[in-house]
Every structure is written in structure tokens, then in C-alpha cells.
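The structure is given below, and queries will be raised subsequently.
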């Protein structure tokens, strides 16, 4: 620890803890103060994340990948807990703070008053998310997972009401069960390897004795199942659309990142523990991840088509996004593909978050019965009588509706992967990476499958989103003009602008992600950085 | 000799306490009424606490004292709550 | 300025115009029109500067976009692109002028003109793209703008449907094109158009040629409304007529044709090309013409006619010969002129009469003679009458059909087939003219027809003039441009062709004559039946492709999707949990089965009978609790308390005093918590219906659940046994045991781990507790009990009644007597528990104890007081501010950890020292103790908050919901 | 000894899972409680079973791993106990709210038809 | 004095408890214990307003001895009932005992004594009538029980507390 | 039990005796839970364990540890004290609650009568 910048890594965890705790000492009536504190903290977090990104992307003198390690309590690794910041985790931190910022601004328009302690819960959720992205310790990961889940339970229930409570009950029950699996998995791995440090595990796992391998893999598999639940993989994902649809709009928007935590961990751990060079258990579970990803894409698409409520459709879009990232990243095992998948992850997360907030504005002041009617008519293929003598004069669309309409188009385009926004670029990047550079080499059946799936998902999402858009924006039912506040439209626009920026300037983003993917695929850089001998209070080093 | 006696007496005492726990558990399982079950639980707590003390004697370590103390001091809180629930239908009015 | 900047400006101008148009006020019709016209003419003007000389290299403009994946923003203009761009902008300008008069003054035109210009930009983007991915990008943009323009009158259901179908079909095609282009790029190694055009032989020889071809053709054919994807186009006629004229006849539908011509040097010249493109074109040509005859809607007729003509062009391209390609390009331009003018004329008729029904229209020649003359000339061009441009390209078409291509039967029959189809063309053109302009004066029209405004007719006049001029002096007018376009596609392969009107008596002329005569005869035969409602039997009713499409779309994307979602998904919790447990079981079992799980033999001699008996008790309690959890909740609660106690005893047995302490504390608090909750659950469930009348399905489900539960239990038990019976690896604990005292300053290693080595876990864990407490608090603030739980409990009612009934007693005496003595003792215990809690807190670092268990003990003490005195009584004497305890606890823990930061040490770096205080002696001072104090404060606060928030529900006045509104919707 | 503890873990897990799959919310919460006992014991068992070897040192002692019960799983169990206590409390309140708002105590908030 | 140390006796007990737990009589624990003992007194004062008064300390010891003997005796008696064959022949039942004792502390001590003695259970005390309801395992003669409670315990408790 | 050898013989015997006595008395009390009839009778049984049972075992523990540590280690007294204070609270509250439940359900006359006349009948549920 030589300078204050060394502490930058831990600030994304301590800052929300501090703000969240301090807000408990402020009376609930001072909502504005809390909102400002919350936003200020998020902005700061964003700045820290950007600094970490920059640090992680600046090559060191030796040219090695710069991976920052923070040894808590000044104890040597692998004995105590470490935090690790590399390109990927810094990226996830930045993404998280962007989403949180948008959602919090949105919430200041009214959602914050719907229940108690909204801002504290957001801060604690961020603490959990940031912790999960940064930690280098398997059990500490569990703790941060529980923290983010606990805060998410609170946020799902924010505002109460039958739908939320019903969905919340389901969400909590499933996640508590998954947490039980998490604990079983972690303790089995500890029982076999004797360590909890992720880097140390990456080193010890190849050396596990043959007779212990069954236990190790059983533990890893159970742990994987727990992550698959959080990532929303079929058939463990049915809670997700229900929960996200029931949650308050800004909450659902922040939740867009939550399934990505599961994906992040799965990617990171599977490459560290069971990468190509990890001995007898190399590539353990990779095929299952691919299969789960593909099944999830398919199920998400089916669900999107079958959704009557637009918010459920958004929930299924989350599944498709998660499934796509996992299937594509797990399938190829090449950094280029992983980079493209990360690019896709970022922009689909942004769009889905914007979409969740947008839905609330669109649905505001609408008669919920209209949906049912429109869908049934469509479902049964009734010819819609065209009134021939109706005067063909368009309806004047209020400016707010026009803006919402364009936001909808933007979200739909990103989610379906169509031009003009970044979803198209993301799909393009994934597909070219999947096909590879070598024209002479054939295309593997798996690549064909994924190519077909990506196309199919574009088509299906196009159909579903068009249907939803027509229903909400063009339906002739009487509706009050939605009264939209600036604080509600700005965050949506902000997130979509992020997508636009990634459309106009995809290269810097993609090359950053390429770097992230490269280090993800090179576990030794990670383990070397974490386990590097450093001066610490224990001069003798470890006992082992 | 004396140490053998002590060893065996601890084992036997633990056996007896375990049987005592089983008796209490029998009441908890069989009832027939709720108050019988609560009484069983209260007894089970005391028996378990005594069992902890014997474990301490057996291992020659007094680190289990705190657990026993907590049962002695707070073990009744649960039973009080149960009793009050039976009497009033709610624990705190 | 250099040319490539002009090129960029051509693309940017329409989009800029679109943006400005959107921001203008709703009634700014003139401003909108001026703006749009200026943009179109401006682009046209720029294009003049970009006129590429024959044989000159294409002008390029390139920007890096995503170089890593071979994507750059490249604009490229060669002769073919230039000609197309001119067509787009020129017709665009005319359409804008027309639309100025067509759109009603009350129509909100900013949206219209904005979309129109956006479309123009996208279309220009397609033709000027020098990168295939970028081409797809603009391709999909045109679909999007087309969707928005078709749905312009979205209050109309047909418009919505038309827009949806168009987007679905062309968007899907666009995705296929995307895939195809990516494959093409994969084969060539670049997406640059020039690179791809240079790699034709390589592409055609590649194993991926056929899939690439099919995917790209799917894109082109859907866009150009080729059979069987043609059905979206007639439905798109719900768009305002300027849109139909511009997008759906002159430009967008030509994008498919454009692409086919563009990629012909790469993909063409194979049998696959000939067969797929040729067959699609031929079928479309015939089907379109046939269906056009039967249309009663003016725009419908024109739409099918457009389909038919696009089929003709596609057929020409499919014929795979340079001359055919020349004819195709020529017809693209001719069709654009006469069809755009016809659409505009139809729009004028619709506008002035209020109907487009051919059966209602009649004799308009008298009312609008100028329009009639224009429409007649345009229709004649469409029919292929000499001296008009349509005749010229049709002659070339006939000439090409006569040539031999692959010598198949179809090839031989081609001239006959196209002649027949051309008869249909003549017939519907004739019908259009005859029904609308001739015959008796119309009756019962919605409006009295008259000539349109001068400038609304102007674009039609200009277009018809073009038809005439090109038809009469082709080589002087269109000649150089056609040559330019053709040359840039075919290069050195450009064939010789002549644009003369008269080629002498030859086979094509004969075919034209036969077609014209036959068409007239056909029309005369069909006139009466059509007037009386004759409908085509082919492709009608249920077998109409559009019907079929709807049916498939609705069935697959809605009905099937819903069924599949129901089969492969669920919204119920139980199946989800079952799946989760089962998946975990399988996941754990597979490695065990694969590697074989070696187990130590079971040794019975090491079993301690006392522990065995204890666990017999624990197991019995667990099973009993399980059995009773449904109907005897209280019993279940008591019984699992037994299991918890045995668990706690096990921790004591196997050397884990801290665990035992914590477990017992949590056990007690949990019991109280669940009891507090039990108050709000329904009193007694129907205990009668247990297993007697259970359905078979229920029984099977129960058996299945039992099997899964047993397997899960067995599995976890086996894993535990396997773990416990093998040697422990060298673990982290070595380090902790070695350094706990020397470097952590505590003898209780577990506690040192908790507050020092892994203090970060603890910090997170207490935050979880805080968060849960907040959630519980927030949720309970809005708690509304079920109707049957609102009343005070039965027991209290009875006791109150008893008190009221007795003369010497007053209400509340029973409870007062009941608690008199116990409450006294419970209050007395409060300070004693406090002392014990302090003891546990302070010695945690060295002996069992710690902040958590101390906090739990303190919270239990508080609860005890609540039970003794009642919430109101306590709170009159003792205000607990749990939120403050929580906040302070978190901050204390945080600051203790952060105290190391100013000393340039990482967070949570602990410090301990032995302070030598006078009189007292050496006192160990560890920062970890302060951390533990934070934990204590938080645990007291959080536990108290949860318990008290729940307890407070009893004293809150819950109002019964109004009858009939069992669950009121929430208020946002 | 190992046999008994694994048997106990097995029964607790089995009962817990069985209750988890039941339709009434109260059954589920009891199931979760039993599962948390099972998991706590399971984590604890990964440190292997030792009698009379509590990980409490003498002052100044440098402990050897053979002489003491593994403290790491114990620390993990402590964290797990706290977290499962918190989540049990939360689940309880949610099930109460669900019962209040939906009028029944089925896990789906509505009784199956 | 009362504000700082509202319950001197209780605080003394608290200090004793602290020292007992700490197993130490050095200055540090005494100071810390005194602090906690004071705080404990303040906590209790929030809940109970009337201070503890003990009139006759020697009676306490007397009572304690008595109780000890009774407990041992009753243990044997009840044990033999449980183990013996005559457990089906015993008569148990409720006994009403009119009390003169009104002090809350006194009643609490009496309750502890009665309940801690195997064979008797404190059921209810009605304040306005002053009737204590007991449950007795081996109830032979009701009046004997009245005499035993009033004579052996209540008299001494009255001496101590009132 | 390596430490058992460190105890003087008399102490070992004493500890053993106290242990067995305490456990035995507790067992007898708990057996009462099985053998006695009706709740009100059974409610008397656990007191054996909480008084002499606890006292003897605490005594054994104190003796053992005091001799092992060669100084008085008497904190088990606190356990005995707290058990003595807290058990009555539970029993009082529980028995009164049971009495109320029986009264409310109309069983109490029955019970009082039966208690005095024909004890041992199976109590109504």
C-alpha cells in the first residue's frame, strides 16, 4: 500500500456501505437528501469504476495484464480475503453504476416514496453487486451474493401489493434454496482442496487426488447449479420473468444486471477452475453450460412470444440475453468470441434496463383490459374490419408519446439485434467471431446452431416486440396522455445513449472487452497476481 | 482406576441424559396437547444443557460453559413465548 | 470540396432533414414540404457532382467503424449506384411535392415527412454502401421506416396489421440477408464490396456457396415481394398513397432487385442462381398479373401489378445473361416512372372521389380530363404499348425469354408463358383505364370529383412526360445513364444492345402484338363477370398466402408459444423447487457416478451411544415436525426446536463452542419470531381431508416428491460421510491456528477468523442482517392481515368476556394476574442478561462468545420484556431506536476497519496492543473488539427491529377491508 | 460418529426438501429451517469431527492443525447461521404479507383449482 | 443515591455475577463490573419503579435452608412416585390458598420456591382476592398444604419484604 | 479423557458420583414425563432435573474444573441460579395457560373431578 489509489478497489464496497448506513440515521421524511446522497454515491462509484477500468487497461511496464489485488487486513493471500480488479470486474462495476444511476434518477420521480428505505436498499444492493464482482474468495462471494439477494428481496417487495408479494415469495424461496446449494458446493470444494481463495483453488484443483475428484466435481456442479439459478438458466429460470415483471420499474431496471452476476461468476470460475489447462477436470461442465444457454435462449424466445404483458416480455428478454452470453461464451472458448459476448452483454443489459423503465411509462394510464382484447383478436385471427369511410387523418401524437415511441424503437432494436442501435453490432461481432477468420476451415455444427439461434432470436424478438409496440403505442383505445417527468425520460435516454455510443464507436469498447476476454482466458495472470508474494505483516508467509 | 471410574461414569451419565432427552422428546412428539409438547421442549432444553456440562467434564474443557449458561439464562424465552401464545393467542400484546 | 465529402453529405442530408422535420410544429405543412423537397433536390444536386465517368473507379469514402471485425463505414458510388441514387432522390422530390397536397391540413405531417426523409436516407444508404454489413444495416432501416410509414394511420386496424406484416416479412428477410452476408464475408475474408465483387470465382467454388446464396436470396426476394413472400405488399397499401408510390413501387421494393444485380457478378452464373431466381421471378410475374386482374381496389390492382413487374425484373436477373441484366436495369427505371405516376393518379382519384373501388368508379374522364389523359398514358406504358418506355424494356424482355438458357422444358416453354402473362398485364391495365375513366358518369360517390390542384398533378405530368420521352427517344435520354449503370455492373462483359424503337419484324414484336390483342380480348371476356363480383379462385380464401401467413404466425408465435411455455415453464413455485433440487441432485450425482465415489467402510465400534441416542431424538423431532407442519403448526415449530437443539449439542460434542452458542441464540429468537408470525396465519386448517380422498395424481406427486426428498437426503448424507471419512487436505486453518494469537491477538481462533482474518465476511453478513431488517420493517409498514386474522385472538376474547362477566373483575384482570409474578421475574432478569451479554461480547476474542451472540442475547432480553409488559407498556418506559442501533453498528464496524486506511494499511488491518493502565494492569486492546462492538450494536438493532415490527402488528388498528374487495389493488 | 452425523444430515436434508416441495408457506419455512440445520452440519462436517479439540489456544500458543478442530468451517457456519436466520425472518414476513394480501397461505398465493 | 444506584442490592448481585463470570478479583474487572452493574440498575429502573427493600436479611438464610431441605425431600418424594408402583394411586389436584403477602418481590420469591419444589406448582394468583391457586401432585389433605405454604414460607417472606 | 488422570482419586470418585446422581435424578424426572398421567401431573416431573439434577451436575463440573485448574472455578453456580429462577416462570405460565385452555374447552370440571376421584384416565385431547 503505497498510495491512496491502492484503496480504490475497496471503495466501491465501502462507499455504499457508508452511505447506506448513514442514511439509516436520517429520518425517512428527508427523501430528497437521501436521493442526493444516493446519487452522489453512485456517481462517485462510477468515477471509481472508470478509474479502475483505466488502470486495468493500462499495460504495466512488463507488459503483463495489470490485475490489481487488495489484501484485506494486510494478511497474505491465499489465507484471508482478497479483492481483485481486472478489466472485466471494473467493466461490470461501471455498468452497475450506470444502471443504478439511471434507475435512481427514475425513482426520484416518485417510486422512492412507495416504501421505506429505498435509497439504503439501493446502496446495499450496490455494495453486494460490487463485492460480488470484486471478490477473490469463494465464501466471500457467497456473502456478497447473499447481500445483493437480501437487498434485492427488499427491492422486489418495495411498494408491496399482492403481485409483488406473490412474486417476492417465489423469488425468495427459489433463491434461498439456491443459497443452500451454494453453501454445499463451497464446503465440498473446501473439504477437498482446503482453500477458499479463488486463485489458490485454480492452482490446487488440477492437483486434487483422483479419489477426491468425484467430490470436487460434485461440489463444483452443485455450485454451478446455484449460479445457474441466479443467471436465470432454463429450467431454473421461471421465477425471473414473474419477479422482474412484478418489481417496481426502477428496481427491475437495476435487476437487469443481477442475472449477469451469475453469468460473470460462471465465466470467471469455469475458466479459472476448469480451463483448458486445468488437468483432469479440464472443461468440466462446459457442454452443460452450452446446453443450458441454448435451452434458455429457446425458452426465452417462446416466453417472449407467449407474453401478454409487456413487462413479462422484458423478463423473457433478460433470459434470452443471459442465455446468449452463456452459450456463446462457453461454446467457443476463444477470447474473441468471449469479447463479443461481453459486448453483447453490456448493450443488452443497458437496453433491457431502459426497457423496464420505459414500460412503466407506456403502461401508465392505460386500460389493462385493452391488452387482452388486442391479443385475443390477434390470436384467433379475426379479420379486423376496416372502416372504409373513416377519415384518414393521423392522430396528433403528443411529444411525450413520440419520445417514448422512439425509446421503444431503440430498446426493441437493441433487444432484437436490429439496426440502427448497438444490438446489431453485438450480434455481428459474435457471429464473425464464432465463424472465425479461416475461410477454408469448416463451420462446426455448434457454430451453425448458434448462428441459427441468433437469427431466430432476432426474428422472434422482432415479432414479439412489434406486437407489443403496436399494442401499447398504436392501440386505438382511449388513453390518457402519460404524464412523464423529465426525471423519468432522462435515465431511459441516458441508457439508450450508451447503446448509441456503442454503435457509433464500437471499436474502443470492443477492444477493451477483447483485453478483458484475453485475461479471462489466461488464468495464470490472475493466479500470479493474487498469489504474488508481497510484503505484509506476516513475514514468514504461509504455513503451507 | 479412578480415571476409569470417571470415564465410565461420564459415559453412563451421558447415556442417562440422552434417555432423559428421549423421554422429553416423546412428550413433544406425542403430546397429546400443545402444553405437553411445550413442557417437553422445556425439559429437553434443560437436559441438553446438562449434557453440555457433561461434555465439558468429559473433555476437561470449560469452553462449553457459555453455551450452557445461555441455555440456562435464555432457554426459557422460547418456552415463555409458547406458553403465552397458548394463553393469549399472541406473544406480544 | 472533394467528392467523397459530397458522398457523405448525400447520406447525412436526409437524416438531418428527418430530425429537423420531427421538431417542426404539427401544422407546418408547407415548411415540411419545402424542407423535404430541398433535401431531395439537394441530394440530387450533390449527385450531379458525383457523376462518375464511364470506366472510372468508384468514388469511395471510408471511416473506421469496427475495424477489429472488418466493419468500416464505407460509401461507394459507381454508375449503377449513382443511377439508383438519382432515381431515389428524383422520385423522392416529386413524391414530396405530391404529398404536400395529398396530406390533409389536419394531418400531423412532421411525423410523415420525418419518416419519409429517414427512409430516403436509408435507401440511399443501401445503394451507396461499400460495405456489405453496412448495407444490411441500411436495409433493415428501410424496413423500419417502411413499417412506420405504413402504420402512419395507426388508428386504423388494417394499417397496423399491414405495417406489422411488412416488418415481419422484410425484417426476417433482412436477418437472413445478414446471415448470408456474414457467410459471404467469411468466405471472402472481407465485407468490403469491392473485395467481394472481385472474389466471385472463389465464392462460387466454396462449400458454403449454396447456404450463402439461399440466405441472401431470402433477403432480396422478401424485400422485392417475390412469390411466395409477395403478400405483404398489397397489405402495405394501407399506407398513405405517396408512401405507396415512393416506397412500394419506385424504390424500396427495388432494393431486392438492386441487391441481386449488385451481387450478380459474385453469386450469379450458376445453376442454383438460374433456378431459384428465375423460378421465383417467373412465378411472381404470373401470379402478380393474374391476381391484379381480379382486384377491385385501385391500389390493390397497382400493388399486384407491381409484384408482377418485380417478378419480371427478377426473372430477367435470374436468366443469368448480360443482356437480360441490361433489360432488368432498364425496366427498373421504366417501372419506377410509370408506376409512381399511376399510384399518384390513383391517389388523386381517391382523394377527389373518396373511393378506390373500381366497381363504384366510372366515367371520370369528364370530371378530370387532364388526370385521365396522364393515367391513360402511364397505364399504356405499363401494358407495353409502343412509343412508351414500358414497351422498350418489355421488348428486350421478350427477346431474352426466347434465348436458350439451360435447355430444359421450362426454358422452352418460357416464351409462351410470358406472352400469356403479358396478356394479363394488358387486361388489367385496360381494366384500370376503362373502369375509371370511361363509361357512364359515376353515381353515389362520397365526393364530387374534380381536377386536383395544379401542383399536385405536376409530378404526374413530369413522370408521364418521362415515359413518353424515353419511349420515343431512348438513346438520347436514358441511353448514357443506362450504359453507365450497366457497365459498372458488368464491366468488360457489357454486351452490345440497341435502344431503338424499331428493330424490324421479329419474334418479340409478334409476342407484343399477341399480348396486346389477347389482353384486350381477355378484358372484354372478363369485364361483366368482374363487375358482378367474380373473384379469383386461385390463391383465394383459406389458401391465400396472406391468410396462410397469418394462420402460421398466429399458430406458431402465439398458440404454440403459449402451449410450449406452459409445458416447458411454470409459474408455480413447487415445480420450480422440485426442478431445482432435481437438477442439483443430477449435477452432483453425475461426477460421483463418473469417477466413482469411494467410501470408507462403516465402522460401528466408534459410535458413541449417547450421541446416537441424542440424534435419534433429533431425527424423530425432524420427522415429527415434517409430518405435523401442515395441520399442527405449533407442534411442528416445537419439534424443529428439538432438532435445532440436537444440532447445537452436536456442535458442542465436536468442539465448536461458538457454533453452539450462536445456534442456541438464533434458535430461541427464531422460535419467538415464528410464534409472532403464527398469530397471523389461519387458525386451523381442515384437518379432516388428509389422505382419504386424495386423487391418484396427488398421490403420484407425493410419491415423486418423497423420492426426490429421499434422494436428496441420501445424497447429501453420502457426501458428508465421504468427506468426513477421508483425510483432510492441508488447509487454510494451519495458517489461522498459527497466527491467531501471535498476529491476531486472540486465542479463540474462530473469533479471530470472524473479526479479523475474514472480518470482511462478517461485515457483509451483518449488512445482510441490516438489509433484511429494513425489508421486514418496510414490508410490515404496509402489512394488511387477512380478514379472518384481524380479530383479537379467541383466547383473549374469552378471557375478556370472563372478566367482564365477573362482578369484581374488570377487563384485563386475567392477563394482569397471569403475568403478575412472571413479569416481575422477567424484568428482574433483564440486567442479568445484560451482564451476560457484555460478558459474551468482551471475551469473544479469547473464549467462546462475540458480538453476534451477545447481540442476540440482548435482543432476547428485550423481547422478554415485551412479552412481560406488552408493547405499549414497554415503549412508554423504554424507547428503542433499532434503526439507530443498526446504523451505528454498521458505521462502527466500517470505521474500525477503515481506521487502517490513513495508516496506509488495507481495510480491516487490525491492531492490538496491551495497554498498561495504572492500577489495572495490562489490558488487551484489539481493534477487533471495537469491530465486534459494531456487530453487537447491529445485531441488537436488527433483531429487535424485526421482532418488534412484527409484534407491533398486534397493536395496530387493522381495518377490515370493505366487503367484496378481498384484495384491493395496490395504490401506486 | 461420522455415520451418525451423516445420517442426521441426511434426515434433516430429506425432511427439509420434502417440506420445501409442499404447498403451504408454513411448511416451506419449516423446511428451510430444517435445511439450514442440515447445511450447517454439512459445512461443519467438512472440517472433520474432533472431540475435545475446540480451536481455542493458550495465550502465546502457535496451534498445530492436528490438535484442533478446523476453525475455518466453523467460521463459515457462523456466517451461514446468521444469514439463514435473517432470511428465515424475511421469508416469514413475506409469507405473512402474502397471506394478508392474497387471503390464503398457498405458496403461489392462490389455491390450485 | 437512588438516581445513580436505584437498586443497590440488585447492582451488587450484578457485580458479583460479573466477577463470578470473570473469575477474577483484580481491579480491572471490578471497575468494569461496577460500571455494568450501575448500567444494569438503570436498565431495571426503566422497567420497575419500586426499589427493592429487604427488612430481615437473617430470615433469608433461614428460608434458604428451609427451601433446600424441602427441595431435597420433595425430590425424593416425587422421584419415588414416578419410579414407584403407587403412581396410579396418588391424587393430584388444585388447592386454593388465601395469602396475606402482597409484595411483588415476595410473591416472586414464593413462586420460585413453590415451583422449584417438586410436587407443587404455582398456577395463579388473583390480586384482588389474594387467593393463590396451586397444583399439588400428591394431594392428601388440602389444609395441610395451606398450612405448609402459609406457615413455612409466607410468614418468613412477610418478615423479609413487608 | 487424559485429564481424568490428573484428578486425585477421591475427586474422581466424587465427580463420578455427583454426575451419576445428577443424571439419574434428571432421568427420573424425565421418566415422569412418560409415566405420569395428564398434563398437570407431568408438569411436576421436570423440576427434578432443574433442581437437584442440575445442582449435582454443576457440582461435578465445579469440582472437576476447580481441581484441574487448582483454583476455584465456580461459575456453574450461575447456571444453577438461573435455572432456578427461570424454570418457575415457564411452568407458571404454562400451567396457567393449560388451565385456561381446559376451562375454555369445558374440560376443567372433568379434570378437577377426575383428579380427585379416578386419576389415571387418559385425558381428552
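All chains are identified by letter, namely A, B, C, D, E and F, in their written order; residue positions are counted from 1 within each chain.
Quick note on the criterion: contacts are C-beta pairs under 8 Å (C-beta built on N, C-alpha and C of every residue); 3 or more make two chains touch, one makes a residue touch a chain.
These figures come from a predicted structure and were not determined experimentally.
The chains in contact with chain B and with chain F alike are C. Note on connectivity: the fewest steps through touching chains from chain E to chain F is 1.
Under the touch definition stated at the top, chain B and chain E share these contacting partners: C, F.
Ranked by separation of Cα centres from chain C, the top chain is E. Interface comparison, A-C against B-C: more C-beta pairs in contact at A-C.
With centres taken as mean Cα positions, chain F sits 58 Å from chain A. Each chain gets a centre from the mean of its Cα atoms; for chain C and chain D, those two points are 40 Å apart. Centre to centre, using the average C-alpha position, chain A and chain E are separated by 63 Å.
Averaged C-alpha coordinates put the centre of chain A at 29 Å from the centre of chain D.
The multi-chain contact residues of chain C, meaning those touching 2 or more other chains, are 571, 573, 577, 581, 608, 611, 646, 653, 655, 657, 716, 719, 723, 728, 730-734, 736, 738, 758, 761, 765, 768, 772, 775, 779, 782, 795, 799, 818, 821-822, 825-826, 828-829, 832, 836, 847-848, 967.
Touching two or more other chains at once are residues 29, 31, 43, 45, 50, 73, 75, 78, 82, 85-89, 91-93, 95-96, 100 of chain F.
Shown for chain B are the residues that touch two or more other chains, namely 14, 17, 19, 21, 31, 34, 38, 40, 58-60, 63, 69, 73, 75, 80, 82, 84, 86-87. Touching chain pairs in this entry, ordered by label, are A-C, A-D, B-C, B-D, B-F, C-D, C-E, C-F, E-F. The touching residues of chain E, when paired with chain C in their complex, are 10, 13-14, 17-18, 21-22, 26-28, 31-32, 36-37, 39-41, 43-44, 46-48, 104-105, 107-108, 111-112, 122, 124-129.
Note for the complex: chain D touches chain B at residues 51-52, 54, 56. Residues of chain F touching chain B in their complex: 1-10, 12-13, 15-17, 19-20, 22-24, 26-27, 29-31, 33-34, 39, 42-43, 45-46, 49-50, 53-54, 57-58, 60-61, 64-65, 68, 73, 75-76, 78-79, 82-83, 86-87, 89-91, 93-98, 100-101, 123, 125.
By the touch rule above, chain B contacts chain F in their complex via residues 1-3, 5-10, 12-14, 16-17, 19-21, 23-24, 26-27, 31-36, 38-40, 42-43, 46-47, 49-50, 53-54, 56-60, 62, 65, 68-69, 72-73, 75-76, 79-80, 82-84, 86-87.
Within the complex formed with chain F, the residues of chain C that make contact are 795, 798-799, 814, 818, 821-822, 825-826, 828-829, 832.
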